[in-house]
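Following this line, the structures themselves.
In what follows, chain A forms one complex with chain B and a second complex with chain C.
Up next, the complex of A and B:
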């Protein structure tokens, strides 16, 4: 198992190096004009310089902060609303159709609306991220609560638990695997929406950085920004994996394998 | 153990239950004395588990009533604990052994400072002293069922309702747990209502065995078990009285199935 894992790690590293090498070859023989595709070394230089001199670092941190804040808002709202709707048949009946109608609306479609209402502000961006990233968590919470092992309700009944206790001690913990999977999915959505909002609003961030770099035909800066977005995506996902592995350590190895977290 | 004149701790008075048009239990009358071990046997579909759920207060009878300690039972009570057959589903898989027992204490509002001592005492009592931090998925079936029993005991129940608790365990584990249950019954003095399909188990554990008949579920015959205690897996099971009871029960269930 550990040997297989080590080999897998080395192989994945080799693939990444091979990819960069191919990129290098493409730029070396100018298969794509350098104004569109910079060589890896130039991208690296732009990355180091941008981070050291400040603007790229500032933009990166701004994007990271928006992404995480918006995502946290979405987590709280998604799990909160999901817990209410998932445990109340009445709320489900009243709210269900409205939620279903809102769900398919692309979050990006809300950007012009929110710009009109709250302006080109930080609040607009966070609202868009939260709205877009909310759905997976909301649906996962509802689904998780509705698929609680029925026998556990008998256990709760025999202990005379009240509704709040059932939700907090049985319902939500039992929905945690679903919720965690949704949180991981939402992280990606949050990153996409943060970037798009920055492009449209012009607020400092990687989205704006990418757009300006492209307009100035500064492909090295453009790729440096994309690289950071990739790193953000990778790191936040890796953190979620660590969190999942810890929070779901109670699963039997077989189940954990199936869930792809082992 | 039941003597004439002894008042019943729990009394089923003409209990019947129907789901829609289907009558599941019909006019069940039964007195259960404090500290008594009563087993319930019968062919499948005779309402064994349903009778347990009614006694637990999880289901209200359609007719008749259950009188518990002199007052009619209106719903689940914390001094009536249940041990379910499917331990794998009745335990919270995301909680350790320690935390699973804690669930009962948390719900009952036991003082936080008292919990650790009580939980450790229960784990020790049930033979899981060294497994406090294990999750159910890391425990064998026998250990999981012990854990469920410990959680039920955390309620300090006067009555323990057990629904085929050992049915899914292998023969050796089952016998070990039977003996442990008898020890617990002596230690705690709890009344035990034990649903099983294992006739020998019913005789081995019980003071009385209730034989139910199906369609609708009703009491067919009540067998008194006058085997001496403490019971022993070898000598008790080899005694003529035991074999005679087993024979009678077997014929009863065989007859009920036809």
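Up next, the complex of A and C:
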């Protein structure tokens, strides 16, 4: 079984390499204008040069840092507020529907409003990322806590647990699958928001790098930037999958699987 | 938890208390406070007036039509591509295996990364926006279609075999009707993605639609319009999702796609 998987993976990799070769042929015979599609080798050169000589590396690190910082802020705020609201029937009554009303608003639509209020500084970018990435986790934490088996709360009452213990020992562990799925979504939102803010503000980062490369019609640099953003997307997703597998190993495979899809 | 569950339950005003209090406080602060003519924030009444102004002069309608038009065009392409790819990958385990690395390498590219590229190829306008929407919204359709095909009841396929159906008949008469409920769920997810991506692209660069209208209002110091459009976008997203949920329940009595898959097992 594992041998078949390995052979399959190698074959799949070969197909991907074949696609890159096709890309090479397309650019070689100029089937697509080279302004739009650089040859693979040129993209690779742009990637290596940009990373080695600094500017692309600097932009990538700036975007990565913004994304992660904003996301971490969102995690703390989202799970924190969510835990407060989700465990308090009073707060839930008063705040639940209001918080739910924010769900259909796209995170990026908050950017113009926040620009007007806090400006286009570095702090604004972080606050936009944090604010935009916060909602999935906030709502997932509330939802996760609301769907805890009520019997568990009775047990906690019988054991005379205090509120903090109930939240940390019963509530949050039950909500973990929901929270993890939301964290994955929030990471994607954080990456997109970081890039959009860099495009709008001109602060150093991959968003600004992409826009600048496109304006210069430097497709090799543009593709190098897109490639790095793709790698960021892939790595964050892979890390979340590992985290989910590790943190949800106590769940039955079926349930853990479902949480991953939700 | 202690609310009476009788049929004559009084109207629950509690969810409205906090928003109403906040709006009142905000209104009072803006009207009485020093920031009466603010360039960054607007009082709730100004937002309401601003909303009716852009409804009356037609700008909101134009921008909404542009955003929804781009979202719909991109969504149509996404569903077409996603459905075909999902069918192929679901039907052939070999092709699925061979394309795995290529697809997993392209899929994580964030939509926004393609904005400058699409701008370079198409310039501003519908085509660049729709191409990015199509790229982003096709993945959920592809994945859900593939899973739906995999989860098909084997007996259905045996029936097709027994009836000596042609391949196209098998796809059109057996498979597509069987996976329709789950494809509809995918369509609903993709529609949400399409609207979000449309607005994001408009905010990032494309000078049309609701996103660009928000940016314009912000740059010309009309915070009341920025907020009015923001709320409108929220209502639009809510309305579209609930309309599709309603349709889903009407069309497919099972409810959600996950229930269908459980039934099939």
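Heads up, the rule we're going with is that the second predicted complex is superposed on the first by the 238 of 262 C-alpha atoms of A that agree within 3 Å, B and C clash if a C-alpha of one lies under 4 Å from a C-alpha of the other, contacts with A are read in each partner's own complex, and residues count from 1 in each chain.
Here is the rule we go by: a contact is a pair of C-beta atoms (placed from the backbone, for glycine too) under 8 Å apart; a residue touches a chain by one contact, two chains touch by 3 or more.
Treat the numbers as computed from the prediction; the structure is a model and nothing was measured.
In the superposition on chain A, A:230 makes contact with chain C only, while chain B stays out of contact range.
In the superposed model, C is the one of chain B and chain C that contacts more residues of chain A.
When both complexes are overlaid on chain A, the residue A:133 reaches neither chain B nor chain C. In the superposition on chain A, contact of A:13 is made with chain C only, not with chain B. When the two complexes are overlaid on their common chain A, residue A:145 makes contact with neither chain B nor chain C.
In the superposed pair of complexes, A:181 makes contact with neither chain B nor chain C.
Those residues of chain A whose C-beta lies close enough to touch chain C in the complex are 8-9, 11-13, 15-16, 19, 35-36, 89, 93-98, 101-102, 104-113, 115-117, 188, 191-192, 195-196, 199-200, 206-207, 210-211, 213-214, 217, 219, 222-223, 225-226, 229-230, 232-234, 237. Put simply, chain B touches chain A in their complex at residues 56, 58, 75-78, 80-82, 84, 86, 89-90, 92-96, 103-104, 106-108, 135-138, 155. Taken in their complex, chain C has these residues touching chain A: 1, 12, 14-15, 17-19, 39-41, 97-102, 104-106, 108-117, 119-121, 195-196, 199-200, 203-205, 211, 214-215, 217-218, 223, 226-227, 230, 233-238, 241.
Those residues of chain A lying in contact with chain B across their complex are 149, 151-152, 154-155, 157-161, 165, 169-170, 173-174, 176, 248-252, 255.
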